[in-house]
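Chain nomenclature is as follows: A, B, C, D, E and F, assigned in order of appearance, with residue numbering initiated at 1 for each chain independently.
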Amino acid sequence: MPYINLRIAGELSREQKQKIVAEFTDTMVRIACKPAEYVVVAIDEKPEEDWGWGGKLLDEL
Amino acid sequence: MPYINLRIAGELSREQKQKIVAEFTDTMVRIACKPAEYVVVAIDEKPEEDWGWGGKLLDEL
Amino acid sequence: MPYINLRIAGELSREQKQKIVAEFTDTMVRIACKPAEYVVVAIDEKPEEDWGWGGKLLDEL
Amino acid sequence: MPYINLRIAGELSREQKQKIVAEFTDTMVRIACKPAEYVVVAIDEKPEEDWGWGGKLLDEL
Amino acid sequence: MPYINLRIAGELSREQKQKIVAEFTDTMVRIACKPAEYVVVAIDEKPEEDWGWGGKLLDEL
Amino acid sequence: MPYINLRIAGELSREQKQKIVAEFTDTMVRIACKPAEYVVVAIDEKPEEDWGWGGKLLDEL
């Protein structure tokens, strides 16, 4: 039952999402010995304005 | 202080959200013995493209 | 693909966890029309000292 | 590596986000003794319809 | 209904948790104009071994 | 600023955590074009009793 939540600044193309899901799942199968059909991924694309780092919004850096 | 985060593929109607919040809260009151006014629910509706399962995006399955 | 994360102050017995998982899943099947085998629940029991409410720790209230 | 996720009902202005990120980061530096450049904040603005409290949607209260 | 989840490497004293909850709540009251009694904070102290940064575990850096 | 939260049933060895953090970060660098030093990973190992799937606790399946 691995559940992986990726939260990322900006947007991803559909092809990027496909590759990320495939690679994260493959890592879980090979390294954590989990069946692929147990691996759930949820992707949250968030604007840079909604991230802070070092006390500033990400789009100010 | 139960905090319940529901993340779901696709969209829910307002009526579905009302029933889900009512039922989750009722479960917390009856089973976990928490006062209803402590129960917070946050619902995240997410497109199928943002979910992976078994190495594929959910809308490919 | 509903993923439900319950975060709760204090501890639950195994029987309480079983009932909560059964009821949350049943709510998803009846109200959100999701197959039961898609519903994932993750329960986080957290000590009252790790919760704040109204500016105080929960165990001070 | 403090990661702070603020989930809030309604919307915040850009100026509010800047101040929140600045203050949360400052709290981490002063109280938790973490370097500012380790502090990550992610803000989720969510409509009132997606929150439940006491068994009702937030916009019914 | 602000819900704030702080995830931090290492441990905090009870006094640190009290101050963090008080300050985060105060920020929400002053900047986001939310009543203090709506502000929920959940603190997750996690060992450095459970954090990655830049491709390494935090305790290798 | 990718933040990746892996929640997994059971325990991982330190070596497994190292490899998972290294591979997730590498995926972010190659596919999402993010600098490695922006990638934060948080791993939550959770007992099977704290997971539900299909209406049952994971350790009943």
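Note that a contact is a pair of C-beta atoms (placed from the backbone, for glycine too) under 8 Å apart; a residue touches a chain by one contact, two chains touch by 3 or more.
If you're wondering where the values come from, they're calculated on a predicted model, not measured in any experiment.
Shared contacts of chain C and chain D, meaning chains that touch the two of them, come down to A, B, E, F. It takes 180 degrees of rotation, in steps of 5, to superpose the Cα atoms of chain A onto those of chain C.
For the pair chain C and chain E, the distance between C-alpha centroids works out to 20 Å. Residue positions of chain A touching 2 or more other chains: 1, 3-4, 7, 20, 24, 40, 42, 51, 53. Listed by label, the pairs of touching chains are A-B, A-C, A-D, A-F, B-C, B-D, B-E, C-E, C-F, D-E, D-F, E-F. Residues 7, 46, 49-57, 60 of chain D touch chain B in their complex.
By the touch criterion given at the top, residues 1, 3, 40, 42 of chain A touch chain C in their complex. The part of chain E that touches chain C in the complex is made up of residues 14, 17-18, 20-22, 24-26, 36-37, 39-45. Those residues of chain F that touch chain A in the complex are listed here as 1-9, 12, 16, 19-20, 23-24, 27-28, 31-32, 34, 51, 53, 58.
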